[in-house]
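Listed after this line are the structures, all set down as structure tokens.
What follows is a pair of complexes built around chain A, which joins chain B in one and chain C in the other.
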Partner chain A sequence: MAKVLITDDAAFMRMQLKDILTKQGHEVVGEAENGQVAVEMFQDLQPELVTMDITMPEMNGVDAVKEIKKINPEAKIIMCSAMGQQGMVVEAIQAGAKDFIVKPFTPERIQESVGKVL
Partner chain B sequence: MTIANEKSKSITTLLNGTIASIKNVVPIQHEVNGPQLLQNALKVQFGVLIGITGDLRGKLVLTGDTKVFGGIGEAMFGMPLEGEMLSSFSGELGNMIAGGLSTNIIESGIKTDITAPTIMEGSTSLSGYEKAIHLTAAFESVGELDIYLLVD
Partner chain C sequence: MDTNQYIEVFLDESREHLQAVNDNLLKLEKQPEDLSIVSEIFRSAHTLKGMAATMGFEDVASLTHQMENVLDKIRNEELHVSTDVVDITFAAVEALEEMVASISEGNDGKKDVSDLVSKLEQLENGGSAPVSQESSSTSESQSSIEFELDEYQATVIAQAKEQGFEALHINVRLNDDCILKAARAYMVFEKLEDKGDLIQTVPVVEDIEDGNFEQEFSLLMLTKESKEDLEKLIHSVSEINRVDVSDLKVKDKEQEQPKAQEDEDPNKAKSEVAATKEAPANNQSAPKQSKTIRVNLERIDNLMNLFEEVVIDRSRLEDLGQKLKDQELIETIENMTRVTEDMQGLMLSMRMVPVEQVFNRFPRMVRGITKELGKEIDLEITGADTELDRTVIDEIGDPLVHLIRNSLDHGIESPQKRKEVGKSETGKVSLRAFHSGNHVFIEIEDDGGGINREKVEAKAIENGLLSAEHSEVLSDEEIYQMIFSSGFSTADQISDISGRGVGLDVVRSKIESLGGNIIVESEPGKGSKFSIQLPLTLSILTTLLVNVQQETYAIPLSAIVETMLLEEKQVMFVQGQKVIDFRGKVIPLVSLRDIFNVPTAEDSKEENSIVIVHKGDKMAGLLVDSFIGQKEVVLKSLGNYLRDIFAISGATILGDGEVSLIIDPNALVK
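Then we have the complex of A and B:
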């Protein structure tokens, strides 16, 4: 079981991820609607895992990963985006993300990724 | 190859990428009809707009009855959606289809990025694009969704 911070600009997607993660026994400690809020919440809540969308207003997910890694280089972040092209995946992994899930996702894919990263 | 030919080839790639993305994202049996060139301004009652930037610039617009968006949401996530969650889902559906499109067309060497979705509710008229292509996707027992590719 892990304390998780969810980041997605769509309330619907946050609800979905929260539902899936909670059913898998994790505790969702925060929900951020953009990268900037995620960075602030990461500092305050110190979650063990962060899920991160990429295309968001204010600050995108890749920039947020870089900022979070400055706060804690050991931070565990899973990208969760509709953008699955190789360049985007490579950029996110280079920024420090541990895995990349392409939307739409299944609960099984989330479980596999969380299991791998934690 | 002439510039006109190149553009026409790019539009074909964009259309095929869109159709493939819908098939990948929406788990409902469906048929895509069209494409047709839209002659007039695009009128929208409910829909979502995603900007496409990069090698090809334009917008992807999905419009339809809220019940159709709701039916797709229910098929994908197993729950009926309404109000704010329906709007949020519709934005995300646009995001997933445009994201899939962007992923599909990079195989043809077209590099694009997408913007966060804009939800349109209430009577809206869109204009100011060079070319608009209209597709209709008819989803079994859910209804039709209109898809527009507005090319700048």
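Then we have the complex of A and C:
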């Protein structure tokens, strides 16, 4: 199963995601509260998968995708979007994100997405 | 017998005969008593039958055979020419065109013609065929899939198939709970991007990008990938409910026959068949012999592209020659310039095709529409042999269809009304094409009611395009041009023939995108005339290069009236707008520096360099910093990312390697 880095500025969302992912047998190796931290942690932890919120302080998710892709073009990133962020999602996909999921998440949806990306 | 070597001849001749039958049928409808026309049609059908049977195309043969029987009866005055007869024969000709087109693509030309044959048999045996059955069986037998291709797309597909591509219909259904549909669809597009060429989508791409679709959308794609691979690939995207990949099926009928016409051109161009509508039909049986080869259009386009590179290098050499001042080098370059100019002429003439192939489809279209509208209208075509650049030909079809429909629907009055005002009940629409200078003109004239000034005025005021006071000072001409503004329709009733006011503005922008322009003239009660002016060719332009500060811009020579120097104090102001006096006319002065936000280094010169440009009879002065000189440039588009840049029509590479933007003066003259 995969080593995952979770990025979200809301601790609640991080907890929920971690819970779901762990139950599905993945290992959450790190939690970042904004894009900047995510980029740094990505470099240190080299996770197999990153989940990325879009709206965050310091550095938003789309910019973080671009930075991470600079470090490792092969990085696998799943965007976590809210409704109404279509444009941002498309931008992130263009930047190299592999998939996106829309809040609120269901475990099934996360399983599908993680399965397809890995 | 091995018949392959004859297939080209068979196809050429079949198309000629089918076109002749088409033309003659239209004539026959007008003069049902003229049995000599029937004989012509009979002969064509007979020749077709013979050829098809020899080649082993049974379905073509059996259909033409049955046509022949009916025609024979007519010829012997055992059967009267009725609308039914003409309609069914037309349907049969359409079916034949489809079969011939399919043969030309290398298929076996098989088609179920039993229905048509039985209808023709019925005719032969005296009874009239039930009309309802006709429409349902010939046109809408395959209604499950919704792609409709235009001529261009059909050609592209036909060519791609020759090169081993498959045209696939991909239907994607997203999960019902998928929320960001557009982003999901985007991912599907992204996956498919490098697998082939996307030809069409349903709904249109813009709608898909905006998420304006139910959970489902369809793509038409040219690809070499296998269906299974594509299905798998799309399934790798999340939230996909179902993917169906199947071979392309399109709405029957419409797309097959343009293909036939496309294929026809090289042949038409070379043999110069005088197939204008009025030409006597008996020259069709004369054997054609000419030394020509068929060349794929793509190769000519490639040649043209390469040649454009040569032109760019040539201007570079010219620059070098001037710099080095070496006499021998200069002479060589001059010679090369002459040769390349001749080459350019030749190459352009290869791309020229008679406008006939666009005009050809109109008689039948007019016939269909007039029936639908319950009007009686004659279409007169002149100058069908006028030649135009291939690119223009491909694009001009739709605007013309629109304008003709417009004339038929809004222009020509109903027979009763025509009678009331003392005109003949049959209306007349003329379609003309002719050369003049560096341009080709296409005119569509009708003898209908003309444009109603009051109605246009009222509508324009209502739509906020015009103020009531302003409208009084405008001439009739100026008012008429308002019909090209967007959101305009003066028809009292919306019919499905000519649109909902999203028409003429689209026509205008299409024509302008081809570097042409359109005007309308009209006389109340007498009719209206739409004139389209088109450039002969698109890709190589003669321009005037000018400097704006450190930047170089190219202005197409065709738009320039003259250049002049003007002292600062001669610039006047009207309502805060800079104007100049040009030969007694006050025209606006536009500073390119301001328009394009060119960074300013030095300022305040005594004299202004001005290029006077025109659009129709309106003019404007473009303020530049200095003139450089005349130059042939190759127009390159700015690509999809930089579409619709204000007042820029493209870019070119100059002799010194610098990129220069080409100005679209039409946008600057208001």
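Here are some notes:
Throughout what follows, the second predicted complex is superposed on the first by the 115 of 118 C-alpha atoms of A that agree within 3 Å, B and C clash if a C-alpha of one lies under 4 Å from a C-alpha of the other, contacts with A are read in each partner's own complex, and residues count from 1 in each chain.
In this section, a contact is a pair of C-beta atoms (placed from the backbone, for glycine too) under 8 Å apart; a residue touches a chain by one contact, two chains touch by 3 or more.
In this text, all values refer to a predicted model and were calculated from it rather than measured experimentally.
When both complexes are superposed on chain A, chain B and chain C end up sitting side by side without clashing. Using the contact criterion defined above for the overlaid structures, shared-chain residue A:E112 touches chain C, although it does not reach chain B.
Put simply, more of the residues of chain A are touched by B, taking chain B and chain C as the two choices.
Seen from the CA centre of chain A, chain B and chain C lie at an angle of 80° in the overlaid model, rounded to the nearest 10.
In the overlay built on the shared chain, the residue A:P104 is in contact with chain B alone; chain C does not reach it.
In the superposed model, A:A32 lies in contact with neither chain B nor chain C. Contacts of A:Q86 after superposition on the shared chain: both chain B and chain C are touched. Once the two complexes are laid over each other on the shared chain, residue contacts for A:Q16 go to chain B alone; chain C is not touched. Once the two complexes are laid over each other on the shared chain, residue contacts for A:V62 go to neither chain B nor chain C. Least inter-chain distance for chain B and chain C in the combined superposition, rounded to the nearest angstrom, is 7, based on C-alpha atoms. Note: residues 81, 83, 85-86, 102 of chain A belong to the chain B contact set and to the chain C contact set alike, using the contact criterion stated above.
Interface of chain C with chain A (complex): residues 179-180, 182-183, 186-187, 190, 211, 236-239. The residues of chain A lying in touch with chain B in their complex are 9-13, 15-16, 55-57, 81-87, 102-104. Across the complex, chain C is touched by residues 81, 83, 85-86, 89-90, 93-94, 99-102, 109, 112-113, 116 of chain A.
Within the complex formed with chain A, the residues of chain B that make contact are 25, 73, 76-77, 81, 84-85, 88-89, 91-92, 95-96, 98-100, 102-103, 106, 111, 113-117.
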